[in-house]
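Below are structures written as structure tokens.
Across the two complexes that follow, chain A remains constant while its partner is chain B and subsequently chain C.
Then we have the complex of A and B:
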């Protein structure tokens, strides 16, 4: 391990230790924040008892649906737009302003139209995620070298064949960056929506625990989400680096 | 013809909205024209203005804190390579976690009301601003710095003539992203822990099933966010084009 990684781990460990000490010494009162060790203990008990398995499954399924839908729709839309420059130019201002719009503002509308089921949450996750995939797919497709496209023309490939055999494989690393963002945004969208209003899910349980002053449960579930999301994102980050390294060697 | 594409886009969206309205009817939607009318009524209602004020003040404070803290964190991390390498994955991890999860903690620390909203807007904006500022400073062309040393520039000259012009375009991009996220943070804050502000009105309208109100507020927020972003984007692109 290099010096950078060691320093980074040391800083994070130090921060956790500092929080632990401040909580144990009573500088931070326990009704505000509980010590990290108590959070971990409570989380362990909750996971072992299976008390929230249902909520965790519900959140993960919704996030999963949002991610898969965003990946499929994003790559399809990106590929189609690349082949239709006029539409792309018209939509360009939408791409530039998309993430400036507070997506959660649409959640009340979705709830009123579709009711308090899973659909509005998945929709928010999907809406946040899909644009990252579209933008990165376009970015990748724009970089396909002309010589590869000429080869495709020599072989008489149609638009669909060309997309699957040449354009998308070449753009894969960029598309992967889009997927990575889609995963992070889907989690943000679904869990945020669960917080605002929902009938189940991890976000729902956290706000329920907050309203009942149940700090051990609340902090355990907050810790769970943070660990889950950071683990998933870091794994994707490492995987992406390996993909890029392999491509450079090839 | 810079204005043509955005205008076509807005026109298409209004047509799409109208078509959707004709499809589903009054049960779930209102037409664009009715919504604009409702929004202008709302803006003329004296009971509505305090809510706009509340949100505007919370957002302005949160955004200001995000810019100041973001630059104070990002600029030194960009200047010190080792510290930057240590901090970057931590910042990226902070960027990608759902910050909503931390809302109960903010409420427990600050209590319900203005400070919690400001803090929530600020924590959403700080991370992207510091990431962009860090990269802006890190990517300053070292040749320029060496040239400055050869010319024996004073620190003030160096800052004014090299550091700021070189780093500004990326920093403005970061501030543009931070602006949007701080707005989202402020609204989210109002949605859970507040009795005032646009986010609170949105939640109230949702529980009352008040579609007119929801659409009018959503239109207002989207128009505001998109409008400011378009201005910042134009500024941003001009800076990048010059650089």
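Then we have the complex of A and C:
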């Protein structure tokens, strides 16, 4: 392990130890924050008992659907728009202002349309995630060198073949950046939506525990989300590094 | 019957002030001929290649490849190697070379055999599983040549393929190109800015004028088919290059705005 990684871990460990000490010494009262060791203990108990297994599964399934849908729709839309400049110019203001719109404002509308099931949560996750994929796909597709496109023509490739065999493979690192953002946005969208109106899911359980002053459960689930997101992102990071390694000069 | 024929070919880039890039020019290439094009920079050499390949349509005139009109589409049987690195960074050397064969739906056993041969021929054997990023510029250009070669083109168009390489590598790549030409029997058109390269490799050298590019003269080199880079030391090679340079000098000055 290099020096930077050691320093990084040391900083995190120190912060956790500091929080632990402040909570144990009563500087931070337990009804505000419980000690990290207590969070971990509570989480362990919850996971072992299987008490929230249903909620965790529901959240993961919804996040998963939102991610996959955003990836597929985002790459398809990005590819189509790249091949249709007129449509792209028309939609450009939408791309520029998309993330300025607070997506949760549409939540009541989504409930009216789709009812109280899992769909509104998935929809919010998808809507937050899809634009990141579209924008990054377009960015990657725009960068394909002219000589590769000429090569595609020499090989007689049509639009679809060119997209699958030249443009998208070239754009893969950029598309991957879009995927990473899509994963993050899907978690934010789904769990956030569970807070507002839902009868299950990790977000719902955190909100329920909060309303009942159930700090051990609330902090355990917050810790759980943190660990989950960090694990997912680190795996993606490792995968991306491997993907990029072959493209970089040795 | 000529293999490739250009008749009155002109290319004008339309726009507010249309740019007359090429022609009108006529050219006939015999089956199996090695033809080199030299000319001042910006004279329309690459435009000529695009038009011949079917990557651009002539504004006037016609291009015939094996007696059929080339227009707006690259015909089967034409291979192109560009100056810029056109290797696919996401594929291994082997998969790069197999690209065209796979798009054509050639059976995988056949692909392996053909690609194996091309890899051997181009001296890429140790690098079959490497990615282009791990190779030198010359190696990557070999990958692109091999990728073109496996499709067995009957006409190979090369646009300054060795432009980015150092002089020694260029001479050696020239030898390989001659070997490839003899082995395949393909007709070759090579665009180059190196007079030596043109004089050493070609059966005929077409000297182009400043824009709009036209052929000032077509010079037959008279080399035997079994030639290699050692001819650069011969006396007639010196006479040949100085003749090309005499023709080109005035045009190059004009292209620079001194004429």
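The rule we apply is simple: the second predicted complex is superposed on the first by the 248 of 250 C-alpha atoms of A that agree within 3 Å, B and C clash if a C-alpha of one lies under 4 Å from a C-alpha of the other, contacts with A are read in each partner's own complex, and residues count from 1 in each chain.
We take it that a contact is a pair of C-beta atoms (placed from the backbone, for glycine too) under 8 Å apart; a residue touches a chain by one contact, two chains touch by 3 or more.
All values reported here derive from a predicted model rather than from experimental measurement.
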Touch test for A:100: chain B only (first), chain C only (second), both, or neither? first
Looking at the overlay, does A:184 come into contact with chain B only (first), chain C only (second), both, or neither? first
Taking the superposition on A as described, I'd like to know which of chain B and chain C A:91 touches: first, second, both or neither. first
Determine, under the contact definition given at the top, whether A:242 touches first (chain B), second (chain C), both, or neither. neither
Pick one for A:32: touches chain B only (first), chain C only (second), both, or neither. first
Chain C versus chain B, contacts on chain A by residue: B
Which holds for A:169: it touches chain B only (first), chain C only (second), both, or neither? second
Contact footprint of chain A on chain C as seen in their complex: 53, 55, 73-74, 76, 78-80, 82, 84-86, 88-91, 99-100, 103, 131, 133-134
Mind pulling up the chain B residues that touch chain A in the complex? 5-6, 8-9, 12, 24, 28-29, 82, 85-87, 89-90, 92-93, 96-105, 107-109, 176-177, 179-180, 183-184, 187-188, 191-192, 202-203, 205-206, 209, 211, 214-215, 217-218, 221-222, 225-226, 228-230, 233
Looking at the complex, which residues from chain A come into contact with chain B? 3-4, 7-8, 11-12, 31-33, 89-94, 96-97, 99-106, 108-109, 111-113, 184, 187-188, 191-192, 195-197, 203, 206-207, 209-210, 218, 222, 225-226, 229-230, 233-234, 237
If we count contacts the way the header does, which residues on chain A are in touch with chain C in the complex? 145-148, 150-151, 153-157, 161, 165-166, 169-170, 172, 246-250
